[in-house]
Amino acid sequence: MAMLQINLRPRALRSACLAGLLALAACLGYGQAVNSCLDCHSAQPGRLEVTPEKFSQDIHAQKGLTCTSCHGGDASSYDPEQAMSRKAGWKGKVDRKQIPQLCGSCHANPAFMRTYNPSLRTDQLDQYHTSVHGKRLATGDTKVAVCTDCHSVHDLRPPSDPRSTVNPVNVAKTCSRCHSDASYMKQYGIPTDQFANYSTSVHHDALAVRGDLSAPTCTTCHGNHGAVPPGVDKVQNVCANCHVFQAQMYQKSTHSKAFQDKGLPGCVVCHTNHGIHLPSDAMLGTGPQGVCMRCHAPGDHCDRARATIQGNLTQLDQSIKDADQALRLAESAGMEVSEARLSQDQARDALTKARVTIHSFQAALVNQDIQAGMKIAAANQKAGKDAMVERNHRRIGLGICLIAIAFMLVGLWLYIKKLES
Amino acid sequence: MIAALIHWLDERLQLDGLIAPLRHKTVPTHRLSYWYFFGGITLFLFIIQVLTGILLLLYYRPGANEAFESVQYIMTRVQFGWLIRSIHSWSANLMIFTAFVHMFSVVFLKAYRKPRELTWVTGMLLLFLVMGFGFSGYLLPWNTLAFFATKVGTEIAGQVPFIGKPIMIFLRGGEEVTGATLTRFFGFHVAVLPGIVTVLIAIHLFLVQRLGMSVPPKVEAAWEANPAARREMKFFPNFMLRELMAWYVAIGALGALAALFPWELGVKADPFVSAPAGIKPEWYFLFMFQTLKIIPSKVWLFDGEVLGVLGCSLAGMLWMLLPFFEGDRSARIKAWFTGLSIFALVYVIGMSIYGYVAN
Amino acid sequence: MCADQLPSSQASRRRAIEIFLGGGILASFASFLYPVLRYFVPPAVVDLGGDEVVASKVAEVKPNTGKIFRFGNRPGLLIMNSDGTYRAMSATCTHLGCTVQYRPDLREVWCACHNGTYDLNGRNVSGPPPRPLDVFDVHQRGDEIVVSRKREA
């Protein structure tokens, strides 16, 4: 499309171009105002390309804003010199250092935003200024993220749209565009394995795989506009928002003060920060997954407490499995044990509760929950065994009945024989 | 004391007149006599069904939201509920089995010949109705297997041209299988079918008593040649006592099956869940079901399934009219009919096995 | 059969028949009738719990408290409000299936597993639960509180 290049000279060709574009605009317009920007830029190569299809996805376009709202210029003229003249207020490609201010010119203006959506927040720009990105941008570092890097531009969708780059399901991928790029992040000296770790985590599994929007992503713990890693002493506050009980118990435990004094990041010490996996009872063990013995000495009373807790958990887990086995046996023998099966859920809940109580780091408290669960599991196992005893009773009853029938058959046979003799 | 009681009843009912024909009735004895028991065993199993069915009625609740729970209740809470329900389910299957055995034994012993054609016709009708009992009763626990089996079964019924759709709607109580279907099937199972079957059994038994037991052709020929070789036993009490022994064996078998292999409860039906893969009807429908499955979907101009349904229906009707076709024709034709009967038996058994092992 | 059969063997034969036949009839009929008679006796737990269930006796539930009861094959939650009325709803949390509880201090239904909360109409108001809890009808019959599934409108 050489005809449409900006350095067009021959007048006649320009007029023909104008006529053609007017026709095109008429077709695409149907009632919309003339937008010469889109009409030319939809045919531009590479990074200059913005098509009407792309722009129509943008929430700003849907609300009635257009190119000139941010870039200035004159959208009614097809003359590039007029359309993109400084006199018409054309800003050109907005300088990265200016982007937050530009977006903020509307989004930080409560009176203005009220006219579109009164419930939208307007403190994003303020928050941004407190973030690592904002602070570094202020010093002149243009490599950090600005609004358009995360929210995309020209096809900006609201966060609630599942296709939006800032929809919870997509946030981690958006952040990883920079934060997983080792060469890009080299000068900052921070790790670039967060996304890789997060992708293996239970949180990622819940959010991106199972679609559970209550699961955390980067911004849940780090904040979005005011993104800063939580301080070492503040980590447990962040985790505590969802993991309430664990946090409460941890707070009251000996570990809370001990970690704080040593400047250790609370929950992260045992559970890591990004690659958080489903905890297992092996974490209480002495094997490679064990976390306690990283600090504690073998044989001291903490080691003994650890062993007790692990032992108790294993005991309850085994007890539940034994009860399941007994019930399975009874069911395959045709006995009905649905009540006990239901009760197994309660035993499993007790085990879950006990695992939460680990965070109090008191073996006695954990044991309380364990014992409650043991009682239930034992009762269910008994139900399974009773069902088998009942089954045996049935077989004995059957045996008696069959003996009576056999008696009768012998009697009939003898009687028939007698009759026919 | 018993003699006194009988005398008391006799004075008021004139029992002698009633029992007299029974006293005279004889049953031929030959090497194939054992087949004579199967009719009585089927009747006995039917009586068991009626009795256990009535007991189940004391606790069963028809209705999509209560049926499954009520059967679960019977199995787990009612004393010996498991026994009554398992006997009912096992006896149903055994009864259909013995009914088939009885039918095929009649075929091969040629007991359907004149003058017993009507006995045969009423017997075939009873066989169809008994399978209807099985189909309607199967749905009553309202579990997933039963729900989808009913869906498929009524769907097939709906394939008949013209009248199929109305028949399907009549059976289902609507367009789909719902709680309305359950209520309707319950009505069929405990009122409609028992009523019709009782009348047919009465006619069937009356005919059997009136016409006596048929003797297989070869034995008949042998006895005609040598009248001295004829052996008979009195129906009352000799045959009846032997029949009673067979009934006792049957009830022992039922008890053993119920105690050792209790009938399963399954999972409550959920109409919104998709059908489990490889859904199959109960074994006594397998041979027809498998036949439909192997017919290609299009046979010349016609839809394969419609052809299959019509074909099965036609086969059933012709089979019911078998005695009228065979009549008193030549030995060659009689032999042809024997061949056809063997084919029918092999087909039913073969297709049932095929249907069972196929996925 | 010889006519000069010794009477004693015949008598013992008759005896044997009597024992087996008589004993057989009695024993077999007893073994048939025993289960049937036991069957007629209604069990202790009378209702099915499928459509409707007695959740509790009136005396067992105090104002501003909740009680878990079995409804069919799942747990239900019965709440007595401070004004003496009752509410009942499914007790299976719509998030990951834990059993919820009534919180008298919050006057809300709460799930201990992940801190989900529902209001007294079963609507999920905060935390992870994605859907409301199913609400049941509650009636009082004498001294029993009966919970039943909602009737279709």
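By letter and in written order, the chains are A, B and C; residue numbering begins at 1 in each of them.
What we mean here is this: a contact is a pair of C-beta atoms (placed from the backbone, for glycine too) under 8 Å apart; a residue touches a chain by one contact, two chains touch by 3 or more.
The structure presented is a predicted model; accordingly, all values stated were derived computationally and were not measured.
Looking at A-C alongside B-C, one finds more C-beta pairs in contact between the chains of A-C.
When every chain is represented by the mean of its C-alpha atoms, the one lying closest to the mean of all protein C-alpha atoms is C. A straight line joining the Cα centres of subunit A and subunit B is 60 Å long. Between subunit A and subunit C, the centres computed from C-alpha atoms are 40 Å apart.
In terms of their C-alpha centroids, the spacing between subunit B and subunit C amounts to 36 Å. In subunit B, the residues that touch at least two other chains are 72, 83, 248, 251. Residues of subunit C in contact with two or more other chains: 28, 32. Residues of subunit A in contact with at least two other chains: 338, 397, 401, 405, 408-409, 412, 415.
By the touch rule above, subunit A contacts subunit C in their complex via residues 212, 214, 242, 244-245, 338, 342, 345-346, 349, 352-353, 397, 400-401, 403-405, 407-412, 414-415, 418, 421. Within the complex formed with subunit A, the subunit B residues making contact are 72, 75-76, 82-83, 233, 237-238, 241-242, 244-245, 248-249, 251-252, 255-256, 259-262, 264-265.
Contact residues of subunit A toward subunit B in the complex are 334-336, 338-339, 394-395, 397-398, 401-402, 405-406, 408-409, 412-413, 415-416, 419-420.
In the complex of the two chains, the subunit B residues touching subunit C come out as 55, 58, 61, 65-66, 68-70, 72-73, 77-81, 83-84, 248, 251.
By the touch criterion stated above, subunit C contacts subunit A in their complex at residues 1, 13-14, 16-17, 19-25, 27-28, 30-32, 70, 73, 95, 98-99, 112-115, 127-128, 130.
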